Amino acid sequence: TIQHIFKEIFKASLELQEDDNRKALLVSRKKQKEDTVVDIKGVKIGGSEPVLIAGPCSVESYEQVKAVALNHKRQGLKLLRGGAFKPRTSPYDFQGLGIEGLKILRQIADEFDLAVISEIVSPHDIELAIEYIDVIQIGARNMQNFELLKAAGSVNHPVLLKRGMSATIQEFMFAAEYIVSKGNKQVMLCERGIRTYEKATRNTLDISAIPILKQETHLPVLADVTHATGRLDLLLPTAKAALAAGADGVMVEVHPDPAVALSDANQQMDLGQFNDFLSELQASGLLKAKARV
Amino acid sequence: TIQHIFKEIFKASLELQEDDNRKALLVSRKKQKEDTVVDIKGVKIGGSEPVLIAGPCSVESYEQVKAVALNHKRQGLKLLRGGAFKPRTSPYDFQGLGIEGLKILRQIADEFDLAVISEIVSPHDIELAIEYIDVIQIGARNMQNFELLKAAGSVNHPVLLKRGMSATIQEFMFAAEYIVSKGNKQVMLCERGIRTYEKATRNTLDISAIPILKQETHLPVLADVTHATGRLDLLLPTAKAALAAGADGVMVEVHPDPAVALSDANQQMDLGQFNDFLSELQASGLLKAKARV
Amino acid sequence: TIQHIFKEIFKASLELQEDDNRKALLVSRKKQKEDTVVDIKGVKIGGSEPVLIAGPCSVESYEQVKAVALNHKRQGLKLLRGGAFKPRTSPYDFQGLGIEGLKILRQIADEFDLAVISEIVSPHDIELAIEYIDVIQIGARNMQNFELLKAAGSVNHPVLLKRGMSATIQEFMFAAEYIVSKGNKQVMLCERGIRTYEKATRNTLDISAIPILKQETHLPVLADVTHATGRLDLLLPTAKAALAAGADGVMVEVHPDPAVALSDANQQMDLGQFNDFLSELQASGLLKAKARV
Amino acid sequence: TIQHIFKEIFKASLELQEDDNRKALLVSRKKQKEDTVVDIKGVKIGGSEPVLIAGPCSVESYEQVKAVALNHKRQGLKLLRGGAFKPRTSPYDFQGLGIEGLKILRQIADEFDLAVISEIVSPHDIELAIEYIDVIQIGARNMQNFELLKAAGSVNHPVLLKRGMSATIQEFMFAAEYIVSKGNKQVMLCERGIRTYEKATRNTLDISAIPILKQETHLPVLADVTHATGRLDLLLPTAKAALAAGADGVMVEVHPDPAVALSDANQQMDLGQFNDFLSELQASGLLKAKARV
C-alpha cells in the first residue's frame, strides 16, 4: 500500500492544482475581495441596498408594458423586465415579439426613465440588443450555451445570468467565467430554482446557493422567486427568505391582466397583488440597506 | 371522443373526492383554522415568537451536555437537543448511548430547568422515552416508519417529526396524519433539507416547504439548518431565511468540542461560534415576535 | 502551500483507511470472491439461472392468492410474493391483512409447494414471520430502519432488501451490512427505482445499480420493475434490460383482477397479461442460464 | 360542489385538447404509425438491426482519428463520432479543433468510406457543417437551444438530438418537434443519462426512456452509455440493457490512447477494450436483428 500512498499524494497534488485554478477564476472572491457593483442607470446592484426587478413575462404590447411602467413610477421602482425572445418548450407556443419587443422596451424606458432587462437567446443578437436594452438576460436554458456566453462577454454591457435548471453552483460560476474571461465584468448571477423530485413548486429555490455565491464570487446575486416557485402564494415568503439570506435583489413577474397573458398566466401577479407584495416586503425591513449589515 | 369526455368526468369526480379526503386530514388547515401551539415546559412553539433548539448531535457524556446546558442558561435558551439512539449509515459507526443518553438528558433537564429533545427509533421505546425526554423526535430516515409513527401517536407527548430525505410535502403531511389520527395532537414539523443533485451542501434546504406547510397545516414548522446544509458557514444565512419565510423556529447543533465529537464533527458549532450565531440572529430581529406580523 | 500538501497527504491517508473499511465490509466482493447463492426451497437465487418472483401487491383473500398460485404451477414458477403488512402513505389506505395475510401465504405455499415472500415492517414481527414465510422482505421505506435490519440479521432466514427511494448505492450496501454483520448471510438486494425529477415513470429504474452491486458485493441482485416503472407497458422492456444488465432475477406484480385490487390497482398485470409477459421474457432467452455467460 | 364539478369538466376538456395537441405532434407515433428509418450512407438507423456508433470524445489529430477508423474497418463498423466543437464547463478547458476538426473527419470519412457524426453548437455553423459531416449532433446542453434546433430543422440532413441533462421525456419530444416542424424529418433521439442525486455514475441512465420514446414517437432511439455512466466497467452491461430495452443503437467513446486524451480521459476505451466490448456485445446476440422481434 506504499504504492497507494504515492498514488494518493499524486492525486492530492492534482487536486491542489485544480484548487489553484479555481482560486484563479476571475469571478472568484479570491481574485477580487471587494464586491462588484453593477450600475444600471444609477441603480446600484450588489451595493448596500437590495433591488426589486419586476415586469411581465412577455412583452405583448406597448400598452401592456406602459401599464407596468406607470405603476413602477408610482412605486419608485426603476428596473423593468420583459421577455421579447421567449424560449418555449413547445414550438407551437407564443415565441415572443422579438425585435419589436425590444423596441417597445426601449421606448418605455426612455419615456419613463426606467432601465429595461430582456433575455437574448442567439449570439448574433447580442450586438443589436445593446442598442435597445440596459441589461442582457441569459436564461436558465442557455446557461451552458457557450457561444452565447462568449458573445455576451465580448460587449461592455451588464449581463444577468440565470442558473441552469440542474446546474451545480460550480458550473454556474464557470458559466459566469465564460463571460468575464472575455472582458465583460458587469455580470450578475440569478438563482431561479433547481429541478428536483418535489412538484409542489415549479422548481426548488436553492436558498443556500445565495450565501455560497456571495462567498465564493464577488458578483451580485439575485433571486427570481417567480420562476423558482411558480406560485403566487409563495412569492412574499421566498422573497423575504432570499433577502434574509443575503440576496442583492429579487425578481418577480407582474402583468396588468395576468388572465390574458400569452405566457405564464398562472404565476404573474396583477398590479394590485404586486403593490401589496411590495409594501409587505418594504414593511419587513429586508429591502433596506441597514438590514444587511 | 364523447367516451373520453365521460371518462374524464369520472376521473375528475375521483379527484374531487381525493381533494375532499385531503381536506378532511386532521393536520389540515381546512380542518382547523387556528395554529396549533405546542407548549413545552412553558416554551410555546407555533406561537408568536420563534424558538431556537440547539444541542450536540450525540449525547456523549454528562459533562459534555452540561457544558452546553450552562451556555443555554447564560443565553436564556430553554430547548436542548441531543441524540441518544443514533441512526447511522454504517453499522460500525457510533450508535449512541441509548437509554443512558436519555438519562443524562433528563438529569441535565432537571438540574438546569431545560426541556430536552431526543430521537427515538423503535416503536417499543416510545413508552420508555416519555419518562426521560420532553419531546420525541422522529428522524428523516423514519418518516415513513409507520409503526413508529403509530406508537408516537398513541402517547400524549410532544413529537417533532422530520421530513424524509426525499419525501414530498404531501407525504410529509400524511406522516404527521399517522400520529395525529392516533390521538396525539402535539406534533411539530421540521424541514431538514431534501436530497438533490447539488452536492455543495449536504442536502438542499427546501425553503418553500416552510410557507407551504404553514398554509396547508395548522402545525408548528421548524427548520433544521445544520442537517439541511452540513456547513457551518451557511447556518446563519439559512436560519435567517427560514425565519423570514415564516418558520416557528430553527434547530442547530452545538458541541463544546466539535473536533472530538463522535458524530458530525464537521458541522457542529463550538460554543463561541454558537453564541456569535445567536447574537447575530437576534440582531437581525427575525427571532422577535414583531418581525412575524 | 507545503502546508497544504501535508494536509492533503493526511486527508489521503484518511481516505485510504476509509477505503480499507469498505474493503472490510462483509457484503463486499473483496471479502468474498464467489457469489452468494440463496437457496429458497430448492430455487437458487444468485446462481446461474435468473428467477422470476411474482404475486399480488396485497394479500386480499385465500381465493385471490390461490388463483395466482394455480397459474404459477401451470407456468412452472416457484416464488410467490404478496403483501400482508402494507406500508401506505396515508393512514386511511388499506393497511393489509397483517398476520392473517401471512397465514394465507403459508397455507398456499404448503398446498402448492411454493415459496412465499412478504414484507415485514416491525422488528418484533420478525420472529413470528419466519414461521409463515420463506423470505422476509424489507421495503424501500424501511431500508434505513436500522432496528428492523438488526432484527432481520438476528435470524437465520432469507431476506430480500429493497433499495430506499433515494438511497445511494453505498448506503444500500451499508444497510445490507447491518443484516449480515448480525450473522444472517442470506441477503438479496433489490433495485426498485429511485426518485428523480422525471415523472413519466413512478420512479427511475437505476439500471447501472445492477452491475455495480454485482461487482461490489457478492450478494444476489434483483430488479422490481413494477415499482420502478409503475407502468404495465414498461414491464417487459425493463425486465429484459435488468436481465441483460446482469440481474439475478426480476420481481413483478400480478393480480387475478387488478381492477378491484385494494392497492396498486393500475400497475398490476392480470393473469393473461402476466402469462404473455412471461412467455415473451422466455422467448428473449434472457431468463436462461446460457445468456448470462 | 356542483360548481367544482363544472370546473373539473372544464379542466378535463382543456386536458383533452392538450392531449389532442400532443397527438398532433409531428414526432408522435399517433401522427405516423411506421418507424422513421434514417439512412446514413447505407446504414439504416431505426430499422431491424441495431447499430453501434463509436469514436473519440474529441478530434485531436488526423492520426488519432485514423487509428480509430482503421479499427472500425477491421470490425466492419461504419459510424464514427468525434467532437470538433466541444462545449466545456470551464472556458479554460480544451475547446476542440473547430472547423479543422470537421475537415479531419471528412477526410477520414472519404478515405475509409465511413459516415461521421459531430456536435454543432452554433446556429450559424449548421450550413457549414453539412459540407463536412454526415450527422449533426445536438448535445445535451443545447437540447433547449431553440435557435440551434430551428437552424438544424431548416436543412435536410440527419440530426442526432441528445436529451438534456434534466429534461423530461416530454420536453425532449418537444425539442425534436422544433426540428421536425421546420421540415427536417431525419431526427434521431439519444438518451444519455439524467442528473440525479446518485453519484456512483456520472449520470443515471434512464433506461425506461427508451421504450417510452419508442412508443410515443416514430423516431430512432439510441443510448450513449459512455456519458450516461462515465465508467468503463459499466459500458457493456448498460449497452446490453439499452438494446434489450429496444434501443436502435448504442454510442460509446473509444480513443487510441485514452491516457493522453484532451477530454474525458477516464471514460474512453482504448482499442483493445473496445474490441472486447464489441465482441461481447455481439456474442450476447442483442446486436442482431432477430433479437428484436
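Letters are used for the chains, namely A, B, C and D, taken in the order the chains are written, and counting of residues starts over at 1 for each.
Quick note on the criterion: a contact is a pair of C-beta atoms (placed from the backbone, for glycine too) under 8 Å apart; a residue touches a chain by one contact, two chains touch by 3 or more.
Just so it is clear, the structure is predicted and the values come from calculations on it, not from any experiment.
Across B-D and B-C, it is B-C that has more C-beta pairs touching. The chain with its CA mean position farthest from that of subunit D is B. The distance from the centre of subunit B to the centre of subunit C, with each centre set as the mean of the Cα atoms, comes to 31 Å. A separation of 45 Å divides the Cα centre of subunit B from that of subunit D. Among all residues of subunit A, those that touch two or more other chains are 166, 170, 195-197, 199. The touch graph of these protein chains is complete, with an edge between every pair of chains. Of all residues in subunit B, those touching subunit A in their complex are 166, 168-170, 194, 196-201, 204-212, 215, 228-229, 231, 233-234, 237-238, 240-246, 284-286, 291. Taken together, the subunit D residues at the contact with subunit A in this complex read 21, 87-92, 121-124, 141-142, 144-147, 165-166, 170-171, 174, 177-178, 181, 195. Those residues of subunit D lying in contact with subunit B across their complex are 1, 4-5, 8-9, 11-13, 15-16, 166, 195-197, 199.
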